[in-house]
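Letters A, B and C name the chains as they come in the text, with residue numbers starting at 1 for each one.
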């Protein structure tokens, strides 16, 4: 793809300083960009590298107007970078149609311009929307509904009844709709509770690789519109995740917990079951959430406490040995003082 | 399925208050149940919702006998719910047989009424018991033995030599029999130790999605009868898990550790290698077990300590800053007292 | 396989005490070895079991020369065991070639003596080296390069552009080259940043089951030569892992972090993004690394601190309640002393 810098400025709504007719063939990092690449400066700490970059043009924020290079000046250079990178990434892959080496049970309904690759398996009653791609090794269960413009990467498993919105991306190895972990204790051991519910995933959700999202016991496990989930994440049965959340790698959310909108859970966080996590809550890496959290709070630690308190406590923790000796020292001095005072009587 | 309430009472051994001839077509949650559904009240905090429920009948414990609705009174309503839900869930799926689109190496032996779906792969020497289901994308290695009435969900990998009992359920993406993590340090780097053992899984075990259960170096990695494993769990080589344990999501158990019977490991727990965890031990979420534990103990924290002590310590932890200032304050006051007393001499 | 003990001594460079012509048919553990097996004593705590072992011969270190059995004496018995076990494990599996039931897109290039099993999928532009095995259910993306003597176990997913060295083992369920977790916040929600880089894996790397290794945003996510990765590990985009590292199960490494050579990360460790972890660093299980670490340091805890300090602090933590009461007690005693002293004025 070859476009003029002026075309990119139109896409992101930015202002050009320098040559608007410069031909750009792709976007690269500061180090790797050549004279027909555009790059970007989003983090001021990389400003020094800009001088030595061979990039033909650079996306910058207004404060860097005077770099003396071809610039595309934008209020939000990182977002502009994302948009231009998307522009260059969108190949014109032509749809594959339905491979004769894919297995489709009877009664599958498919939209226009879809791709179902060899070795994919689609069960009866499934409905696949326009332009959606189902890659090799994917399993689509009975009555699954997948919207338009989705990409289901190789070796994903989507079990019976799952409902998936539009523009959803599911990365390899992820399992959607496995049974929730539910048993009734009985004299003969754990008695399995049938998991009769489903999973429902909103529009514009992206789910990383090797995640597990369990179906509900009754009703739905739900992932809200625009939420992004990293790799190896566990979402238990009947969890409700709100919209535009970011759930980082290796997080685990226990059964029936409700996560609000725009919540951020950092890596390896664990959330206990049946809790309410308010809108806008942010939780630090490896934290353990044992209680519901009000909207807007920042929490850290296991068990989690207010993030700022946790910062202070974490700083004191390595001083526990010192505190303990001081405490013992004070105890001796008080013993001595008391003795002296008693003698003084 | 349509049955009389009296039939359900027979199944669970309960007593009917109200109309024994009421026709029940399924089990639903309190909110979603209609006049031909049965529902259940297992948790007293949902008692208020019972009044507004449209359920035709409700499973309750004896203390709720006077609700003025059609009731099925049982000592253990939760277990009764599980049994009735199972009764309604058991469809009469007719077995598929062996799909011509499945790949079977020579010398595979299969029982009656089995289902091997398209795109499943079964290696030579494998033996599959009666009524067992092998779903699409499943890999069964050489000489694997799987008992009767098992369900192996799509995209499961069961590697050579694994032995699986009866009524075992393995959810999608799980890998059984991958190599243990064993190396001998050598001048040229880590030297791989061949993992020649197998994995053996007892009757009535259920294993969640995306778990990893490694084969033994020698001998067997073993999961005991009736144990239930949630998603994304790591079981290392030569681990021995006892019977009727509950191992919650994202737990990791290191090599050669022995877990007793009826042990509960909550989410994200880590257990070090070569330990003995006694029968009936319960470990709180995110705990780290670095030492063996005697039977019946409750442990929490990382490193784990007695659960009740941990509760107290966790409550004090956020007060470390306050403790530290108090300590410094006391130090100053003692300095002053000592000075004063010395002056008084 | 049947070999003389003297042959094994040649392989590992050890000295025989006893019968060099003894026929050995395999290697087994102390308990399971019979008269035609060799076993090993690497850990002195198993010395007692040696007496009762039926093993035909035992690999020991020089200090055990007087056991009165057939011995193979080596400086490093554990490494000798690994070498002999490898010798017995290396079957002469004949290569399968390319199964007609595998799916190969046009323009795949393959070396000599390879095995591509049924139900594997290889995309166009892929190059597979000599003697490499691609098992059922494996997906190989566009332009992937895999070296010689690799084993790619069933249901592995290797996405477009990935470069893999020689003698690399990838266990089932692992995903290499899924998209990194990168978004630019926008008024409409998270805007996906295309992940255009690749993953590059050095020679002699082994990767466990159900791992996720993300492709770089630009450039490469890199795993250095000889590094061993356990199961369920998360490696984020643009991470650089050095040579001969050991990364234990359920570790998560965040984006753009650089791990040196010979680093050991124990189970469930989390490492934040954009950090530098020096050569030879060792991190204890479940630790959380929030800052860069200088070479050679041992760290533990979440957030991680010096390992020896952490040991001391962990030992004091359960005494927090006791420390708190002592502190309060001292406070009262000082109050009293001050009061007394003031009265005494």
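The rule is simple: a residue touches a chain if its C-beta (ideal position, glycine included) is under 8 Å from a C-beta of that chain, and two chains touch if they have at least 3 such contacts.
None of these values were measured; they are calculated from a predicted model.
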Inter-copy rotation, chain B to chain C, in degrees (Cα atoms; steps of 5): 120
Same-site or different-site touching of chain A by its copy chain C, using the half cut: different
Euclidean distance of C-alpha centroids - chain A vs chain C, Å: 26
Residues within chain B bordering two or more other chains: 119, 137, 155, 173, 210, 232, 250, 268, 286, 302, 317, 323, 327, 330, 334, 337, 341
Complex contacts: residues of chain A adjacent to chain C: 28-29, 32, 76, 78-79, 81-83, 85-86, 88-89, 101, 117-119, 135-137, 153-155, 169, 171-173, 204, 206, 208-210, 225-226, 228, 230-232, 243-244, 246, 248-250, 267-268, 285-286, 302, 314, 317-318, 320-321, 323-324, 327, 330-331, 334, 337-338, 341
Chain B to chain C touching residues, read off their complex: 103, 119, 121, 137, 139, 141, 155, 157, 159, 173-175, 178-179, 181, 183-186, 188-194, 196, 210-212, 214, 218-219, 232, 234, 236, 250, 252, 254, 268, 270, 272, 286, 288, 290, 301-303, 305-306, 309-310, 312-313, 316-317, 319, 323, 326-327, 330, 333-334, 337, 340-341
